[in-house]
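Here the structure comes first, spelled out in structure tokens, and everything after it is commentary.
Chain lettering (A, B and C) follows the sequence in which the chains are written, and residue indices restart at 1 in each chain.
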Amino acid sequence: MQIMNRIIGITVLAVFLAVPALAGEISLSVAASLRESVTELSDLFQKRTPGVSFKKNFGASGALAKQIESGAPVDLFFAANNEWVEYLIQKRLADEKSAGVFAYNQLVVAGKPGLKVASMQDLVKLNRIAIGSPKSVPAGEYAMTAFKKSGIDKQIEKKLVLAKDVRECLLYADRGEVDASFVYKTDALLLSKHAKILYVVPENLHDRVTYPMVLTVAGSKKPEAVAFIKFLASAEAKAVLTKHGFEVH
Amino acid sequence: MQFAPADIQAILLSAKVGVVATLVALPLGFLAAWLLAFGRFRGKLLLELLFNLPLTLPPVVVGYLLLLLLGSQGLLGRALDTLGITIIFTWKAAVIASVVVGFPLLVRSIRLAMEGIDLQLVQAARSLGAGPLDIILTVILPLSRRGIMAGSSLFFARSLGEFGATIIIAGNMPGVTQTLPLAIYDYASSPRGEGTALLLCVVSVVLSLAVLMLHETILQHKKGG
Amino acid sequence: MELKLQLCKQQGRFQLALELAISGDRIGIFGPSGSGKSTLVSCLAGLNRPDSGRILLDGKPVFDSTARINLAPEKRRIALVFQQHGLFPHLNVRKNLLYGYQRCPVAERRIELAEVAEVLEITDLMGQMPETLSGGQSQRVALGRAILASPRLLLMDEPLSALDDDLRYRIIPYLKLVSERFRIPFVFISHSLLEMRLMAEQVAVLEKGTLTAVMTPEELARQRMGISPSGYINLLELGAPQERQRLLAFPWAGGELLLSGGATAEPGMFELSSKDIILCKRHPDAISARNLLPCTVRNLFETGNKIGVELDCKGGTLVAEIVPDAARELAVTVGSTIWAAIKASAFRRL
């Protein structure tokens, strides 16, 4: 029996090792709102480090965590809240020791210019508000917490349009399909003339928007991935983040 | 594992949208089938292509085109806006999405039934004094009844499963436009939602099977009767 | 009824060009398939539009291309009876019958359901659905439905062609009865000469899209005798028979005819082809034919490459056909006496 298991184990390992992985390819799963900043940083690292290339996947943190759980070959995971990183650590898919904070952000309400939103209560007067689906998008969870804490959650219920990630929220606001949407300050900087930041959500109404980054168990075995995550904690990287509008402390 | 109130709402909303969409599509579908089965006019081919288009287009494309038309920047959207009517991101948009996507199925079924009607019956009716509207009501409608029922059940089943166009013009609004497929999608994106997603899938399958069984029974009845 | 029409219609390769003026209550339109009968019918009914021309019924136009008149079929009051009965499958017999009746303005309704049902003997079928009816029953119901619309004209397009032979000639009496009793003129279209003779008073003959003649059915039959493979069909009304030495003796005209014992012993209409009558100058001493009739020649006519001989046999009329050589040999002339020999097996019940 033991011998059988061993033979099977070795065969499986051999198969996996035999799966062609481009030498020096780092696979990233990144929360949607980090798209531009991570792209810039990975480009930077790639130029400096010969033989290294990146495969990037952007989306909602919950959806990405689910993909990793289902076996997606990812080396680094960037989430928009702690929940999903802790989830993977619990499932023993992520290396706890490598976890660190990548950046911080602020939750804002963006929408049709001319709308007056001076407080959370003012949101109740609007028709439609887009948030990321709380089941898989941290921005949506932050928004829901803010609604609950300001006591408007029941009133706002029927006005909510769920989006699959923060970028889709952005799109809704931009196209004017909703009156306002909950996005991050950094996303709002990308907005075209159709939508404007109407209100910055007070930070006491939700947990601080934190972007943890972590190596997966597979990633922790790749020297390139380890080197990249170290680079991301450097002062140079932090400067890039600040440039994009993120907070680094 | 049980249903949250939002889940029950999703199931009921799917049923409501399905029923309303079927009621809206029936007269339109009957008219379209009648034009294609009995009409002789220039541009009939074009009309035929138009009615069949949603069948081959990806539903998201249909949704996007509808959004361009009915959205706040769209041709009709702006006009409706001035009248104070908003369609998109309401359950009415979900109905429209279902109607457009399922239309070809309905028309096809009714048209087939109409084309099976012996032309001599229509001629006899005319010689006996029946005008065009009279003939539609007393000859064509009764004789295409089975095609209408079969088409309606197929249409309803399609409506229950409508996702692509719905999510684009009606959006994912729990309790308002989140139909069953949208709810399943929401749950399926989340690692913690698998259990409920699966449960809702079962509900979806059961509903579809029930409607399809009805559809088959109607067709079998036609052959046997 | 006075039917006057002139019309041109092009359908694919076929061209119909007709000019017709005919009066009567029992009009026939005769021609082989492809002669344009169906096109004419659909133009008359308003289901098809002639390219040009006029159609007048009793002087009133239902179609006139120059005056831009084209009455819709539902306004023409011309009821149709087809080859396939055309009954509405989703309505029962009663509802089928009343379809045209209900759409006829109350003031113009001349005919009621009970009477029609009685005449056509369909009273017992009222609650049944069309699919349960036999061919003959369906046609009678179709006829009833057409009559009950109180039409000004009944247009019958090969109504008997789909029926079996024996059924066909049993329906004809209904057609005639209905037309007489309810005083509705009809136009009867057929490719069967026999049907024409039994139904129509006047026949318009069509060939390849044009009108070739207007005549009585009798004249038409005699004219066609020479070219028809079955010759001229003598139609004989025979009385109740008696058995005589394994044959049946049917009374006819002033005398009787002997038919083979296989025939049903009932009176009725019988067919006898002109080809089956042999003429003899003198009474033959011994001959196998059981019928030997002394006749007077009433008329002679040429038809095709034959000679038609119209005979008076004790009041009854028979038409025989012989080749011109035989006519000369026997010196057949009008007024001369001659013997007609007919086998007992030559007769057929209609």
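Simple rule for what comes next: a residue touches a chain if its C-beta (ideal position, glycine included) is under 8 Å from a C-beta of that chain, and two chains touch if they have at least 3 such contacts.
Model, not experiment: these values are computed from the prediction.
Chains making contact with chain B as well as with chain C: none in this assembly. Of all chains, the one whose Cα centroid sits at the greatest distance from that of chain C is A.
Once CA atoms are averaged chain by chain and compared with the all-protein CA average, the nearest chain turns out to be B. Look at where the CA atoms of chain B average out and do the same for chain C: the two points lie 55 Å apart. Taking each chain's centre as the mean of its C-alpha atoms, chain A lies 92 Å from chain C. The distance from the centre of chain A to the centre of chain B, each centre being the mean of the chain's C-alpha atoms, comes to 38 Å. In the complex of the two chains, the chain B residues touching chain C come out as 118, 120-121, 123-131, 134, 138-139, 142-143. Taken together, the chain B residues at the contact with chain A in this complex read 67, 71-73, 86, 88-89, 171-176, 178, 186-187, 189-193.
In the complex of the two chains, the chain A residues touching chain B come out as 60, 62-63, 65-66, 69, 84, 87, 127-128, 130, 133, 135-136, 157-164, 172, 175-178.
If you check the complex, the residues on chain C that touch chain B are 45-47, 72-80, 82, 84, 86, 88-90, 99-100, 103-104, 145-146, 149, 155.
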